[in-house]
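Both complexes shown next keep chain A, but they swap its partner, so chain B is in the first and chain C is in the second.
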Partner chain A sequence: MGAEEGNEVGSNDVHRQPEPSQSNQYETGNNMKKQILVGSLVSASLAVLVGCSQQSAPATEPAKVGIDPKIYTDSLFAVMKADRTNYTKLVVKRLGPAGADVIKPDEHWEDLDNGTLLPAQMFRAGAEAVAEMTDDFTYSLQSLWPIGKQNGPKTPIEKAGLEYIAANPGENYYGEEELGGVTYYTAVYPDVAVSDACTICHNEHKDSPKNDFQLGEVMGGVVIRVPLNK
Partner chain B sequence: MRFPALKIWLVFSLIMLSGLGYLLFAAPSKDNLLIGQATHGHHQIELACEACHTSSFGGPEILQNACTGCHQQELDAAHDSHPRKKFTDPRNAELAERLDATMCVTCHAEHQLEQTRDMGVTVAEDVCFHCHEAVGEHRESHEGLSFDTCATSGCHNFHDNRALYESFLVKNAGKPWVDYEAVLPLANSARFLSAKGSSGMYEKNDHHDYAQIKSDWSESSHAGAAVTCVDCHQAAGEAWVEQPGVQACESCHADEIYGFVSGKHGMRLAPVIKEQLEPMSPKLARLDFKDSAHDLQLTCSSCHDPHKPNLQKAAVESCLGCHADQHSLAYQTSPHARLWQAELDQVAPENTGVTCASCHMPTIEHKQIVDKETRLRKVSIEHNQSATLRPNEKMIRPVCMQCHSLEFSIDALADEALILNNFNGKPSKHVESVDWALKRETR
Partner chain C sequence: MARKYSIVLLVGLQFGLSACGEKVDLVQAEAIVKANCKVCHAQGINGAPIIGNQKMWGPRIEKGKEALVQNAIQGVGLMPPKGGKTQLSKEEISLAIEYFLAELNQ
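== the complex of A and B ==
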C-alpha cells in the first residue's frame, strides 16, 4: 500500500515535470538573446579594461609573487642570530657572573630564584614559542655532538647539512626533503662558539660526545624548515 | 483514509522529535544523553555538557580548546614534557605517525570509563615504547627494561617530571630521610590581596545572635585583617546578602578560589557549570564517604566557618567529616597525626604538624615578592586537591620534600600499601632512579 501511494506521488511529480521544462525552452530562447547581448557588453568592457591596463601598467599578479625560500630563511636566520647575540651580550654578559652578577644563567634556571636561560635555551624557547604561533616555518638548534640526544640530526638532510657546515666553515647548506607527506625547504646555518662559556660547558658536560671544542669552531647548526606545497 | 502509514510515521516522528527536544532543552537532567560514564576527573561535571562541548559546530579543536581551557595553565607550570608542538614538529613526523598526541583525547578519551586507566589514560601501557624503544642503546641503566615500566615505576611521567629529571635527582641525593626541625610555610596571599581595609561594622535587627557572631569574628583572622561584616555581606551600593556565595570570598582569596573550582571539590562551582549544577556532594562522589555526610554540599563555608575562619578545623576535622576511605581512616593513628596532635597540644612549634591539608592542600611558596621591603614571597594554599594527587610524583617537590629526602619521598609514593596505611612505617619499595643518576655522575 505504501509502495502504491509512493508510486502515485512519484507519477504526479513526473506529470508536473514537463510544464516548467516547456517554459524553460521558451525562456531559453529569450535568455539566449539576453546572454548574447550581455556577453557582448562584458567582452567589450573587458577588452577596454585589458587595453587600458596594457597601456597604463604591466600585467602583473602581485598576489602570486613569493619570496625565494633562500631569502626567506636567510632573513629569518638574521633575526635569530641578532636576537641571540643581543641576549648573550646585553643580558647574560652584562648581568651574569661576568658582569653585575645579579642573574645566574643555568641549565635548570627555573629552579633558581635569579636563574635565567642559557643563550642556547633562550634560542630554543623562541623556537617553541614560534611553534605555538605558526606552522609556516619551524626552526631548531642541532648538533652532530648534542648534549641531549633529541638535538642530534634526525633526517638525512639535517645530517648532511650539519656535516657540510662543520666541514666548510662560513658556508650554509640548503636542500629539500619530504617529511610526513610535506615537502620542505630546509636550510642549515653554522652555529659558532662565540664565547668560552659555550665551549667550557659543552666540553665538561657528562653527556657531551665531544670535549675539545675551541672558540670560533662550528659547534652545531640552526636548521630552518619551510613547507613548500602549502 | 489516504496515506495512513505516512500519517503514523509523521505522528511517531513528531513524538520522537518532541522527546529529543525535551531531553535536549527541558529535561532536568541530561543523563539519558550520556554516551558513557565520564572519568573520575570529570564525572562531577558530566551533566554540564557545555563545559566541554562548547559549540555544536566545529571540529576536534572545540574539545581540544575545552581541555586546554582548564588544564593548559597546569601543564605550563609543569613544564610539560610532551607539549603539542613536539608532535607538530616536522622532524618528528615519523614518530607522530606512531602517536599523534596533538590532541589530548588521543590518550585521554572521555566517556569510556570501562577502558580508562589511572590518570584518565585510554591508550595501552606500552605507549612510551613506540617512540623511546631505543633508549637502552645510549643509556646503559635502561637496557632491557620492560616496555611498561617507564611511567609505572616512579621514574617518569608523560607530562610532569619536575621532581624526576636527572639533575634534580643528583642535586638532592643523599639527604637524611626526614628533617626533624622542618616547619611548613605559613600562607599570606589573602593578606596581600585584600584591598578592602576596614569598612565598619553593620548591625541588623533580626534573629541573629550578633553578640556570638561578633565574639567569634573578633578572634578571627578576618578581624585581624580588618575584614568586617559588610565586606562579605554587602558589596558597595548593593543590598545585604544573608549567605554570600563563593564570589564574596574571591575578592581576597582569588588564588584559593581558583584552585577550589579547578579541583574535584569545587569544579561544579566553576563559571558556566555553576549555573547548571548544584555544588558537589559526597552522594555524587565515587570514593567512600561517611553516611552522615551523604547530603552535605561543598562550598567555602563547608570547611571554613566564615565567622571564625579556623584553619585547624579545615586541616583535618573538615576532611574526616566526609572522607571514609582506607587512607583517610588510617590518618588518626599515623606519625603525621601524632605531629599534628603535638602542635595542637602546644608541645610542638606552630606549623610542625602534618594534616590532611598539609599534603592535599599544600602551602605553595611563589616566586612573586609581595613585600618589597622584607622581600617576603607570596605563599598561598593550593585548594585544588587534585593538583598534587595524580600522578603522585607531583607531590614530591611541593609537599614531601618540605620535610623528607627525595629518595624517601620517591620510595614512599611508590609503595601503595604504605599510602593506604597513611605512611605508618617505612617504604618497602625502592626506586633506583637516584642510584642510577649518581652512578652516571661517577663515571
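== the complex of A and C ==
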C-alpha cells in the first residue's frame, strides 16, 4: 500500500463530521455561544468556590520542615569561631603589641585608655548580648577550671561534655537535658589554648584552679543550648 | 576548578612518590595528628584548615608540601610554631602533613 492510498483511507475515516448546511451553521453558532457562556459561568463559579475554600480552610497543611539540631549548633559554632578568629587576627594581633601597638588587649581593659577585650572576653560579651536578645538559643564559654566560678559547669550534661572534650581533643559532645520542664539539645565544643597569652594568663592568675596549661590544650568549652520542640 | 585539579594532582603525586620511594606510615602519621594537631585542625580553631576540607586546604596545597612543613614548623597566621608542640621533630611534622594530604583524598 502506497502513501497516497494511505491518505485516502484516512480521509474516509468514520470519525469525520458531515459538512453542515447554512441553517445548521446558524444553529451551530448559537449552540457554540451557549456552550461558551455556560462554560464560562461554570469556570467562574468553580474559581470562586476554590478561592473561598482556600481562604477558609486549606485542604492540606504544609509539612513542617525542621533543621537537625546538630547542624544548627554546628553552624552557630562555625560563626562564633570565625568571628573570634577574625577578632584575634584582624584586631588584636594587627593593632596590639605584636602589630601596630595602638591598643592593649588586657583582662582589665576598662581600666586602660587604649584597652581592648581579650578574645575570650569578646566572645563572652557576644554571648551576653545574645542572651539579652533571644531565648531561642544560648551559648557560654565554660571550663572545668574557670577563673570565675560562674563560668564552671552548672548541669550534669555541661560537666560531662567538658570532661569528654578535654579527654578527646578535637571531638565535640552532644546530648539532651531537661531543665525546667523543657528538653534542650546541648552541644559542647572545645576551647583551646591557642597562644602564650592564653596559657600565661590562666597559669599565673591568682583565681585559676589550674596552672599548668600548655599550648594546644583544651582549656574549656563552648556550650550551645537550644530548646527542642517535642 | 583549577584548584581542585591541583589538589588531586598534588595528592596523587604524593601517593605516587610514596609508592615508588619510601612508604609513608599513615598509621603513625594519624597518631601524631591525633595527639598534637587534631584539637585545632578538627574544628578549624583560629582558622586552622580542617582535616579533609578541600576548600580550606586548596590554596595552601598550591604552595607545595615543603612550604606546608616549613609553615607548620615556624608557625603561620595564628598558629604558633609547631602548633605549640615544640617537642615534635621535622620528620614528625612532615608525617603529619602527609596525613593531612592523604585525608584530602578520602
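In the analysis below, the second predicted complex is superposed on the first by the 166 of 230 C-alpha atoms of A that agree within 3 Å, B and C clash if a C-alpha of one lies under 4 Å from a C-alpha of the other, contacts with A are read in each partner's own complex, and residues count from 1 in each chain.
In this section, contacts are C-beta pairs under 8 Å (C-beta built on N, C-alpha and C of every residue); 3 or more make two chains touch, one makes a residue touch a chain.
These numbers come from a predicted model, not from an experiment.
In the superposed pair of complexes, A:Thr88 makes contact with chain C only, with no contact to chain B. Of the two partner chains placed by superposition, only chain B is touched by A:Glu158; chain C is not.
By the touch criterion stated above, A:Ser140 is placed in contact with chain B alone, chain C being left untouched.
By the document's definition of touching, of the two partners only chain C reaches A:Val218; chain B does not. Of the two partner chains, neither chain B nor chain C is touched by A:Gly99. In the superposition on chain A, contact is made by A:Ser195 with chain C only, not with chain B. Taken together, the two complexes place no residue of chain A in contact with both chain B and chain C.
Considering their complex, residues 2-3, 5-6, 79, 83-85, 88-94, 96-97, 138, 167-168, 367, 440-441, 443 of chain B touch chain A. Here chain A touches chain C in the complex through residues 78, 81, 85, 88-89, 93, 169-172, 189-190, 192-196, 214-218, going by the rule given at the top. Interface of chain A with chain B (complex): residues 1-2, 5, 107-108, 110-111, 113, 128, 131-132, 135, 138, 140, 149, 154-155, 158, 179-180, 182, 184, 206, 223, 225, 227.
Listed in rising order, the residues of chain C touching chain A in the complex are 34-36, 38-47, 77-78, 80, 83-85.
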